[in-house]
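Chain IDs A, B, C and D follow the sequence of writing; residue 1 opens each chain.
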Amino acid sequence: MHRHFKAKVVDNNFAAEAFKLITLSPVSEALVPLPGQFYMLESGRSTDPLLKRPFSVFRFNEGSLQFLYRIRGRGTTSIAGFNKGDLINVVGPLGKAYPEPDGRFMAVTGGVGIASLYSLLERNRGNSVLFYGARNAAELLYREEAEKLSAKAFFTTDDGSAGEQGLVTDKLSEFIKNEGKSMPVYACGPHPMLRKVAAIAKQNNLKCYVSLEEHMACGIGACLGCVVKAKSSVGDYGYKRVCKEGPVFDADEVLW
Amino acid sequence: MKAPNLAVDIAGLKLKNPVMTASGTFGYGEEYSDYFDLNALGAVVVKGLSVGPRTGNPTPRIVETPSGMLNAIGLQNIGVKTFIDEKLPFLRRFDTKVIANFFGDSIEEYVECARMLSDAEGVHALEMNISCPNKQEGWIVFGTDPMTMDKVITAARKATGLPLIVKLSPNVKDIGQMAKIAESAGADAVSAINTITGMVIDVRKRAPVLANKTGGLSGPAIRPVAVRMVWEVCRAVKIPVVGMGGIMNAEDALQFLIAGAKAVAVGTANFITPSAACDVVEGLKLFLETEGVSDINEIIGTVRA
Amino acid sequence: MKAPNLAVDIAGLKLKNPVMTASGTFGYGEEYSDYFDLNALGAVVVKGLSVGPRTGNPTPRIVETPSGMLNAIGLQNIGVKTFIDEKLPFLRRFDTKVIANFFGDSIEEYVECARMLSDAEGVHALEMNISCPNKQEGWIVFGTDPMTMDKVITAARKATGLPLIVKLSPNVKDIGQMAKIAESAGADAVSAINTITGMVIDVRKRAPVLANKTGGLSGPAIRPVAVRMVWEVCRAVKIPVVGMGGIMNAEDALQFLIAGAKAVAVGTANFITPSAACDVVEGLKLFLETEGVSDINEIIGTVRA
Amino acid sequence: MHRHFKAKVVDNNFAAEAFKLITLSPVSEALVPLPGQFYMLESGRSTDPLLKRPFSVFRFNEGSLQFLYRIRGRGTTSIAGFNKGDLINVVGPLGKAYPEPDGRFMAVTGGVGIASLYSLLERNRGNSVLFYGARNAAELLYREEAEKLSAKAFFTTDDGSAGEQGLVTDKLSEFIKNEGKSMPVYACGPHPMLRKVAAIAKQNNLKCYVSLEEHMACGIGACLGCVVKAKSSVGDYGYKRVCKEGPVFDADEVLW
């Protein structure tokens, strides 16, 4: 029941330009997360920025939690300013994890989406076929590590500076056509990429799990700010909370 | 030294302490029970309910602003019936008062909602959200038009025997005047303030960030406005006042109590610190002890102004 | 590429760019001339003037709030005559428009003030602050009561041949409606928003922090409310609108322009960064260049809402 | 004309519990201050806290500025968080300096008021008779240095942990009675102390300069937030701006 705790910043270093890795060590008892779950991290000492920010747990063990994040706006800029030794407020683990894969699976990710999938690869070492796209070589964060954890790995970049030039979803389609028939798909990345992945999975009758993002205020299901349109048993659609019923959804539930 | 008394009485509703949660920021209570013992609270005020369920607004529904946030949830809720069947049993397990916040699109819906909630076991008081438009009569917002406001409160008053708290809109010229209307229409208490309407524009897209265009501003940014309005309301009416708007800690809560509010509600702060409301209770205790005050009622309304 | 056009026209008043300073936050201009070249501005709006000098309120007059501040300066000023004799000559040295903000305790004082300022060389327009009480007629605030507002604007309109900008109070229910009243009473333009009334209580002293009890909230905290109100005003009237409230940088200014304001004013930001208004001008240029827009007028009012 | 500049934090260390000394190095041309002048320092990266905070210049030379400050509320807590290498926005030097003493003078200070007087002592080495009071020994900041700069120095503390136990103003009265007749008084400290100092000076017909504090928004004379009641040629009184007509005032001008 310690979902709200203080954690000490162990370090907070650049993983690439505009990407940092923050390592936290909870100072009180904390729950152990599952791959796909996320935490709300304090965004600074003052009331501006006000809200905590959501981040998928990247790696974890008994005593520490790691988050890989892109510096985007005010919240992440503020988080990037935390120093070793600072104490910050954390809420989590939150949300639904990825369903445990039963054998081989495909993992599709774009950009910092790797943060959400990485621990799934780790936990299922050698069982994943990875499709990992980024803007350029520098933003293919933890590429080598991710490759080692996977049975097979394909990399794409927008500019061709690493892997193949092109879209990760094209690579996915191609692979499924040739050999991927029976594996489920796990995906995390930009919304348009996820929509495409879901469509490809559907065409090929593959189970597909996507991890969605939405602006969040509370992260714990109270504000109804983070909803996505989903199929509903009553009426045309209903709104589901990304922070509570997600962030991982069966792609079939989502109204894309 | 004896522990200070925190209990207050809001129109016959006895609260163990003056700290409530603000409607819409605390779900149906469940969501927070992982973070602290709800027994610590004076009252839980649940998300606004309508007769039937509502899907609410499209997304984005929230956007952060300097020391605040805008929300345009659109009053998404599960409806009174599902609330009574599925959420209320959980809340009945706690020794804290349950206040049901409700609203409608018409006077009839308000009345129906008040009736259904009054019959439910474990609802101790009603809070009436009048910051919504009357869809039958030209979309006039109930809580900003004196006539419409009087009518809807009078009607709801007849429909319930429970203490009726009317939640005032800050989007008016003279909130004290509006409080008087609520008082004379039969409200047992008033609460203030609801959110202040605001807007954020995405300058690259040249469009509002929120799908609903405008949203309600809450959080510390509005606190000075809320304190002022609560002070005005307290001077205007004799019925008890519940103060809220940007309360982040006990010191903020004390501003409202000292201004004259008999109780306070913690809203947006719950999002930032899930135990915020409970922390406010602890902070109030500490303040009374430090200042050597034995009863919170000795603090209420003591502002020298 | 040609430098983008920033010039705008406010009711015949030609500004080299849409950036002004907000009254009361820029002194009489002098104070800031150590920090940047005032020629960079579209207009300088000076501290509110009354016929005779005013000593203003006792202290404390200011208190910081989350992302904002309250002020209760009490309209301290040197009076129109001293302004004309001692401050205006300095401002005449710059190639920027000078807008004199003024107020009164009675309709007569407004009229007298408008007349005196209209005769002065180097005053290009008047901005009428109507957020003050009519001391002769029951302390009703001119700018929140439709009748009183109409009367005082009509009277001031007759007293001046200069472009008359009426500055709207946000402490009303429907600011669009108030803008319409200003328009029909003869205002050439409206500006919005003035500060929102607020209060901070010192919980240990159990007294308001400000000697005046309440003060006006300004700064980024109020920006979402200001953008919403300016958007409403722009939809309500045909005369040009000057937008303000919490503008800290060019992106904030763009929110107001996109919402429909033809010009903007930088207020509290001047206190934090003395060159803020000048920085906004630079930022607007950069934005137009980056977005490939050749004229600021193509941006104004383009919000898709 | 470079009254608004960026400065690099050279260091920001504790001078005592709850007191820090921050050293700044302007990165662009900056004016050289005079003793008694002050600067507005940025109070953080976000809009909360919003306003800059005023601090007397403690020590300075060509390339650096030092401020000695007490951590009181949100602004100073935020300033205490600045790290070596951070760039911060600064406005100054601002306000009126102490009039140059012509020979011997008395300097009276309580608590962190020493920050304002220290550079006056430095500039007039050996000419000051110092009266310096604080709560306790630890808060008699820069005691030894100040003593060395002065012809004579008296220290008092509330708890008697250093110097004499008692009020600095009593020490001042005593000294004046015995020998101080002709020296002007320069004082900076809490308002009640200044009021007392002004009264003592008046009784003894001594010139007296006090450095006042008021809440400030702009620091440059524009907001009229920082005024004090002062004698006026027109009417009973007028308000003078601490940031512009002060912070150093002739004690005779002030309506106490």
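General remarks:
Basically, contacts are C-beta pairs under 8 Å (C-beta built on N, C-alpha and C of every residue); 3 or more make two chains touch, one makes a residue touch a chain.
Bear in mind the structure is a predicted one, so any value in this text is a computation, not a measurement.
Listed by label, the chains that touch subunit A and also subunit D are B, C. The set of chains touching subunit B and also touching subunit C is given as A, D.
The chain with its Cα centroid farthest from the Cα centroid of subunit D is A.
Rounded to whole angstrom, the centroid-to-centroid distance between subunit B and subunit D, based on C-alpha atoms, equals 47 Å. Taking the mean of the C-alpha atoms as each chain's centre, subunit C and subunit D sit 35 Å apart. Counting partners per residue, subunit A has 46-49 as the residues that reach two or more other chains.
Across the assembly, subunit C contributes residues 66-68, 219-221 that each touch 2 or more other chains. If touching chains are joined by edges, the resulting network of the protein chains shown connects every chain directly with every other.
Of all residues in subunit A, those touching subunit D in their complex are 44-49, 74, 77-78, 81, 83.
Remark: subunit C residues 24-27, 31-32, 34-35, 47, 53, 55-56, 58-64, 66-69, 71, 73, 76, 219-221, 248, 268, 270-275 touch subunit D in the complex. Those residues of subunit B lying in contact with subunit D across their complex are 66-67, 220. Interface of subunit D with subunit C (complex): residues 1, 3-4, 46-52, 75, 89, 91, 214-229, 234-235, 237-239, 244.
Those residues of subunit A lying in contact with subunit C across their complex are 47-48.
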